[in-house]
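Listed next: structures, encoded as structure tokens.
Same chain, two partners: subunit A is paired with subunit B first, then with subunit C.
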Partner chain A sequence: MAYRYELRLSGSGGQGLILAGIILAEAAGIYDGKYVCQTQSYGPEARGGASKSEVVISDEEIDYPKAIKPDVLLAMNQKACDTYFFDLKHGGMLIVDSTFVNQLPTTKAIRLPFTSAARKELKKEVVANVVALGALVTLTGVVSLKSLEAALMNRVPPGTEDLNRKALELGIQLAKSHLQGGL
Partner chain B sequence: MAYRYELRLSGSGGQGLILAGIILAEAAGIYDGKYVCQTQSYGPEARGGASKSEVVISDEEIDYPKAIKPDVLLAMNQKACDTYFFDLKHGGMLIVDSTFVNQLPTTKAIRLPFTSAARKELKKEVVANVVALGALVTLTGVVSLKSLEAALMNRVPPGTEDLNRKALELGIQLAKSHLQGGL
Partner chain C sequence: MAELRSGRPLLLQGNEAIVEGALAAGCRFFAGYPITPATEISEMMAYRLPAVGGTYIQMEDEIASLGAVIGASLAGAKSMTATSGPGFSLMQENIGFACIAEVPCVIVNVMRGGPSTGLPTKPSQGDVMQARWGTHGDHPIIVLSVSTTRECFDITVKAFNLSEKYRTPVILLSDEVVAHTREKIQLPHPEEIEVIDRIKPNMPPEWYIPYEDNTRGVPPMAVFGDGYRYHVTGLVHDVRGFPTERADEIKAFLTRIHRKIYQNYFDIIMTEEEHVDDAEVIVITYGAVARSAKRAVREARKRGVKAGMIKLITLWPFPRQALEPHLKRVRAVLVPEMNFGQVSREVKRINQGMTRIEKMNRIDGQLITPDEILTRLLKL
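What follows is the complex of A and B.
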């Protein structure tokens, strides 16, 4: 039976989730040598700014590249959480940005303050997507942290490497604190 | 019968074709209000730097998001041209960067010097993807130029708006010269 792992990254238009999906896909596809499809879909409602990026990772060629029942849902705002939670696989992992998601559909959600931590620790909300990526990969192990860092460094604008490396590290630490029961 | 239009943008890893695909998808999905899926796929061969980005545009919801028989193939290097030409729909449009593609599989290919024009006119090869996008949209009319420019401006790094607008204009002019038989 083929291994197939589906992730959906969701939030609003400006939160950098498409770039996060590309970085995750390149970590898995280019650096970890897996088969990967990375997709974004837009409908006539896209003007509202809802954004959804999907990554499907497999150890064999991928027939259907969209997420069917995501193993992981990252929701960076309340609307994304409300809209996509019910697609999540039974027993799948819901990770939310607690800066913007207050009403949780399950007691099992993992709540981490990606945006407020980026603002507080790095003075740059714009890297909240990278903070979230660091946490997501630490919590799921879907790619190696080494591959994630390599893919990230390959995609970020020149001159922002240091900021992005710190954002990644911040996400890893948030996830580790959660795993140790500290958050 | 639903309208469905498939584009494949191909070349090497550093040529910015994933970003070009996202800009085209956002032009169609966010600004033109169509249904759009934008996909990249990676396999174990991805380390070689081959890059392929696909955009499927429809007037109804898209079941299968990958290109099956592309209506348009953009090939930014010889390998991409050789690899993907045979997937092109019968009567489909092949657009190649003549800077890097010398051997053509058909006499109907549209040859435009995206990279050498970017180098010569703008002193920046890095915007060859945007030059190609301007030409592709002018030749196909797949999205409006107004939507393309809006999507481009929304995605480019701050401070590069002027360069990117010039690159878009250069692509439009290359395509117009071709249409008038000037190239």
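What follows is the complex of A and C.
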């Protein structure tokens, strides 16, 4: 059976989940050389409303471009967590932003405070998506951190490289302290 | 030649690949009005066209957009517009004009849920019949569909080529899933791409008869401003382009514009087959749903069901000859679509009792999944 790894990044419009999906897809496809498809689903609103972005990574050409049973679910708010948790593959990884997700559907969930950490450490909530990305990649190893950083630097607006690099590092640290049982 | 982004892998949306395909095919004029889920095409064209000496205009609406495209094409530029359902409805009148005046142009319709403003951000395949019959009167039309980012590039080039070759509008049907799926692709080098240009008159202007028949049924097309004066009208016209009410001229004209498409049927028809040779059941599919079908067919094979699929790239003229041999042979056919049954209706029409046709439909703004198709395939 060919390798097929599926990630779903979900939350509300404006949280930068589609951009996070694009960065992850570029890291996997352009820098790590895998086959990749990134899809998205969002409402007609500019901000708010449900937003979801999916990345499928494979070592062969991808037929169905969306996630069938995600290996990883990132939920950046409670509604996304409630809606999508039951799609998760058995034994799949649930990562939630504990800033907005209080009710956990499983004791195996990984709770990390992406938004509040971004606010506290970097004074910018807007990079919560990059913090989450850093943590997600550290926890899953789905792409190399080097590829992720290269893809990130290629996509962020000029002048924000430093902020984004710090956000990425913050995410990596959050994940590392989780792995060491710290959080 | 446009600065093409070929040679290195890129992560591109279907919509972006359409833009790259258009530029590679020589498109140098775009007029449009942005609309979800086709907006990225306008956006990218606005950014890319000026760099290659082309022109981008954002018009006041979709009626004017296609009007500008037709004008630019008459003036010699390969031209395109892109829209979605509501805009496509507005374009119908000018699509008829492009058909009767035989003006090459490419109209991209990224299908979203309808009717009316419907579901802006959700996919659908509800415009298949509108693409064929949306403009009034008997008219020939070529309609192509895409299902992957790579096809968005390749089939856009094809759309321009067919449009130039046969002096006809070509409609390219995409859908929200294909439009917004980003995939890693490597664009071909310019020298690998076949680009066809319209035939221009090679006689002196005073000898030019703009709508005179020939073996191809496609008269040479003069560029406005090159000294070849001729009349362009939406009225049925004689060989010189002037309105006529003579029965023999009307019949000759309408027959010719149909003949030029149908006598080249095999040049226009494009389908893709997978596992059909020994198939007992087949899926006839197009657009984003073809991707689900492909996976479903592979899964069915793993479970010992001899399943196959035929993906339609050309939707109109309907690829009857490509399907008939299979309809004669297989036990059953499944036609999954994101509408209430538009292509399935056509498959039933050509089937004439040869096999059993089952339709499968979703109209809730969601892509049909491989599992849903597999479940039906196993029961066929």
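Convention: the second predicted complex is superposed on the first by the 176 of 183 C-alpha atoms of A that agree within 3 Å, B and C clash if a C-alpha of one lies under 4 Å from a C-alpha of the other, contacts with A are read in each partner's own complex, and residues count from 1 in each chain.
The criterion applied here is as follows: contacts are C-beta pairs under 8 Å (C-beta built on N, C-alpha and C of every residue); 3 or more make two chains touch, one makes a residue touch a chain.
Source: prediction; values computed, not measured.
Student: Does subunit B (first) or subunit C (second) touch A:T39, or do both, or does neither?
Tutor: both
Student: Applying the document's definition of touch, where does A:P157 land relative to subunit B and subunit C: first, second, both, or neither?
Tutor: The first partner, subunit B, only.
Student: In the overlay, answer first, second, both or neither for which of subunit B and subunit C A:G181 touches.
Tutor: So A:G181 meets neither subunit B nor subunit C here.
Student: Taking the superposition on A as described, I'd like to know which of subunit B and subunit C A:I68 touches: first, second, both or neither.
Tutor: Second partner only, subunit C.
Student: On subunit A, what residues does subunit B touch that subunit C touches as well?
Tutor: Touching subunit B in the first complex and subunit C in the second, residues 22, 25-26, 29-30, 33-44, 62, 64-66 of subunit A appear in both lists.
Student: Looking at the complex, which residues from subunit C come into contact with subunit A?
Tutor: 9-11, 36, 120-121, 177, 180-184, 288, 291-292, 294-295, 298, 367, 369-371
Student: Which bits of subunit B are touching subunit A when the two form their complex?
Tutor: 18, 22, 25-26, 28-30, 33-44, 46-47, 61-62, 64-66, 157
Student: Please output the residues of subunit A touching subunit C within their complex, sorted ascending.
Tutor: Its residues touching subunit C are 22, 25-26, 29-30, 33-44, 62-66, 68.
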